[in-house]
Amino acid sequence: MITLDTLNAADTAGFVAALGAVFEDAPWVAERAAAARPFPTVTALHAAMFAVVQGAAPDEQVRFLAGHPDLAGAAARRQAMGAFSTSEQAALGLDRLDDARFPGFEAMNQEYRARFGIPFILCVRRHTRTSVLACFAQRLRSVPETERTAALEEVFLITRLRIAGLVEGPGMPQVAGRLSTHVLNTALARPAAGVEVELFEIDEDAAVKLAHGVTNSDGRTDTPLLPAGPLRIGQYEMRFRVGAYFAGLGLPVAEPPFFDVIPVRFGIAEPEAHYHVPLLVSPGTYTTYRGS
Amino acid sequence: MITLDTLNAADTAGFVAALGAVFEDAPWVAERAAAARPFPTVTALHAAMFAVVQGAAPDEQVRFLAGHPDLAGAAARRQAMGAFSTSEQAALGLDRLDDARFPGFEAMNQEYRARFGIPFILCVRRHTRTSVLACFAQRLRSVPETERTAALEEVFLITRLRIAGLVEGPGMPQVAGRLSTHVLNTALARPAAGVEVELFEIDEDAAVKLAHGVTNSDGRTDTPLLPAGPLRIGQYEMRFRVGAYFAGLGLPVAEPPFFDVIPVRFGIAEPEAHYHVPLLVSPGTYTTYRGS
Amino acid sequence: MITLDTLNAADTAGFVAALGAVFEDAPWVAERAAAARPFPTVTALHAAMFAVVQGAAPDEQVRFLAGHPDLAGAAARRQAMGAFSTSEQAALGLDRLDDARFPGFEAMNQEYRARFGIPFILCVRRHTRTSVLACFAQRLRSVPETERTAALEEVFLITRLRIAGLVEGPGMPQVAGRLSTHVLNTALARPAAGVEVELFEIDEDAAVKLAHGVTNSDGRTDTPLLPAGPLRIGQYEMRFRVGAYFAGLGLPVAEPPFFDVIPVRFGIAEPEAHYHVPLLVSPGTYTTYRGS
Amino acid sequence: MITLDTLNAADTAGFVAALGAVFEDAPWVAERAAAARPFPTVTALHAAMFAVVQGAAPDEQVRFLAGHPDLAGAAARRQAMGAFSTSEQAALGLDRLDDARFPGFEAMNQEYRARFGIPFILCVRRHTRTSVLACFAQRLRSVPETERTAALEEVFLITRLRIAGLVEGPGMPQVAGRLSTHVLNTALARPAAGVEVELFEIDEDAAVKLAHGVTNSDGRTDTPLLPAGPLRIGQYEMRFRVGAYFAGLGLPVAEPPFFDVIPVRFGIAEPEAHYHVPLLVSPGTYTTYRGS
């Protein structure tokens, strides 16, 4: 991490050396933004850099967008992208897709470029693979003007996350979402302690386990179920092992119990929001809801 | 009760003798409808009589509407109305209002007649006193054309109920609503038996007890909480004595219990509908809803 | 189906011809029960036949129990069992298990016979494959006296179902359970019509679809989700496609919706009981419970 | 407020002048505790003073207990009690009871003294008038040994509250409870902002309004519904005006609405606990629970 103070005090070459890679293959963005220093907040620094892109000449802007790598494209497989894109795509496994699973990916890239003159740009750190594909399919049905705007919005999101991970100082951008749960034993009117909770990502043909936790004496997990940063748009499922919990209290339960593993499936649409998904449970009922 | 067969077979004088009082002070309605016999259903009989009113000459129709007694008016207090109106108004206590409680009633009657040329007509069997007053206030702000239609609609409802109480046969009009409850002990996943339930009518300054019941082994009351017939539009409250119930099961409860008497307050807007208002309850939570 | 009247009137040979196969390979049960005729109810007929088994000499009773075929055993694979056992085991696929999935089945049969001197007897029509295995494993840890009693109880259940499927008349045994659901749209306070519901059987490594339905205007499915007869002990999951339902009402939903497919997983422990598993749902919450 | 540091540094006379009234009419408690200084925490200060009472000679202890004023007794009416007792009893209105409402109070005081040799001692700041009476009636049925212990426990609670209001410093005793609510609009999956909430104390014949609030954008009230300090044991009711709230959103509601004013009645048994009583509500259902 570099401090904002350091960046404000650096000479232009040092500023560009530090931030030149934030906007894909476009160190000129940092170079032009350098003149606007000092920045009072990290958010203002990012806004100034993005303003450079918005204020660029039309053909320069298009060249900038066109310089982005394809998603899960040849560059990704050859690991010939910039360091940021490499790690962002790798986190979703987009650098190592098997062709059977995403057979049409390459075709979609080509179709998108042919239709809109730029690659498909998406802030993949806010997405699961399932939502990447859903967005891709949806945006292929769009029109050029809309897509130019959409691409810039995604550039905003991509670079905001890169800046937030690179620079520290006052006024950090709000990029983190949060997923939390809370289990209440409503038969005894108290938090349910010791309930195992698993979190899965759901896509059409599989449930992939992301995390495992156990509720503490307040009915919550000690650590968040998802890592810090933006949540990924997608479908999730928490599974609460309440059968074992109620049996452990000595309550009479049927064999098999009426509720044993309770799955709560929900969608995350806003990566920067707080999703509180509690479970109010007794042996004969449960309620879940989107809390706040 | 007279059977529809008897009415279909009667001579005109007999038909009018039986039904002449159904439309207020207007035996000519029955007289003209007699010619359309035989009626296959009781509903058809009522429809034919109402069609006579709808088809009457405008001034005849107005005279008919104008012949209705005031609500809670001088005729009601003198018991000088027809037998139907007498019992209908008496059931709500409109024949014996104390002036302190409904000080403006007489003034409202006069204002309504002055504005619309007819008395305020309302099917009081579908109303509580509170909703009678709310309707009255609202309709005083109406316009003449709308009020003529509203008065006829109320005549339809009034006479349908009178016919349903007087004639029996196939095709009875649907005039009955229903209020039911169901108490589930969700801590034990079984119906809650032996829970005391009280039903109150709520108006602004009081709760008047209407009924008392105890849930049976299926968690329901053996008999309906409200009498057969249309429900009365208004505000109600059921109170479930769950504290005593849970204590009786030997479950540990605080002193005082977190939930002891659970009030569930709800409005009835459709007198002919089924209102199912269940309670899913455990010592630490409850849920209620409009069921079906 | 044979009527009870016919059986009461038949000669002994006719009675035995009709019912001799009900108790596995033991026509003597029917023969001795014939003398107790006439039976007022089908339940009494079955009780009389079972009383013959209970009253048999100890060695005769053991021979009777020992004459039952193994579950998923060699006879099942050779289709060399009686017609009843054949169809009962086939309905669970116990006649065609692949060895990889149930590798230890044959070993369990041998171990059980070695330990208890009789085959493992279970009323498989009340079970899923998962619960068959769970019961088998549990009963292998039992002791001989208990197992003799357990085997007789299972014979009671097996033969009661056979009689109920063979004889018709007054006083039929209660052998049928029921699974029902009800979907209420609590945002609009009305039944949710047109919601797709799928029912799955869950075992450790798979979810097998059993049924599909759509809710009607009362929020229920027109036909039961499970066939008539006893429910099978096991784990189930209903999946309610509420995302499509809410979107169809024109309500604003996120992309992806917070609730799209709602899974409700529950256990059935009592094959002859009524399991009512409703869903009270709005875009931001749902509640499910064991109803009645 | 006096600081703990000041008390630790004072001479004995100053210490007694500051704390001599904490234990009713017994400055010797402070005098003896002074020798144990310095106290690291306020809790330790209180513990040391209470230890003096526990360690007192039996007759001295009885004299101390006997020196307490009656509840709602003659001294209260004459305002002839110590300043602490005066304000504590006045807060409940025990200094100005009308005799019709608590006719037997004086008789209960006499009966209690006659039976147990000491006045009825209760930490009234933890009680409503209803629970004062309930405790009084219950403890009258007790036995002397138990009552001596109960009286000392109440002295502990009374003096802990007095110390907590008088002294500030590290390690304050935990004497405060909390009541909070949270309203979620589950039809829209978001906090319900702008819902009016009223809080009432319920006793057998009346509901007394204690507070009024409006939910903010997070669905909570900006300020607590009850003042800082211990909650009072008793029955309460929150009333949520959801009819107006839903109508204000432009949602279709019946006239009258199914849910208009939702009463949630609950008991508080632990004055130092946190009572979180949320409402999950949509036009057709609501759920409430004891949260944490």
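The chains carry the letters A, B, C and D, assigned in the order they are written, with residues numbered from 1 in each.
As a working rule, a contact is a pair of C-beta atoms (placed from the backbone, for glycine too) under 8 Å apart; a residue touches a chain by one contact, two chains touch by 3 or more.
Quick caveat: nothing in here was measured; it's all calculated off a predicted structure.
Student: Would you mind naming the chains that touch chain A and likewise touch chain B?
Tutor: Touching chain A and chain B alike, sorted by label: C, D.
Student: Could you compare the number of C-beta pairs in contact for B-C with that for B-D and name the larger?
Tutor: Looking at B-C and B-D side by side, B-D shows more C-beta contacts.
Student: What's the chain with its C-alpha centre farthest out from chain A?
Tutor: Farthest from chain A by mean C-alpha position: B.
Student: What is the distance in Å between the mean C-alpha positions of chain B and chain D?
Tutor: Result: the chain centres lie 46 Å from each other.
Student: Scan chain D for residues touching two or more other chains and write them down.
Tutor: 184, 186, 189-190, 258, 280, 284-285, 287, 289-290
Student: Within their complex, state which residues of chain D touch chain B.
Tutor: Interface residues on chain D, with respect to chain B: 131, 233-235, 237, 254-263, 265-270, 284-290.
Student: Please name which positions on chain C make contact with chain D in the complex.
Tutor: Touching chain D: residues 184-190, 258, 280, 282-285, 287 of chain C.
Student: Residue numbers of chain B touching chain C in their complex, please.
Tutor: The contact residues of chain B facing chain C are 182, 184, 186, 189-191, 218-219, 280, 287, 289-292.
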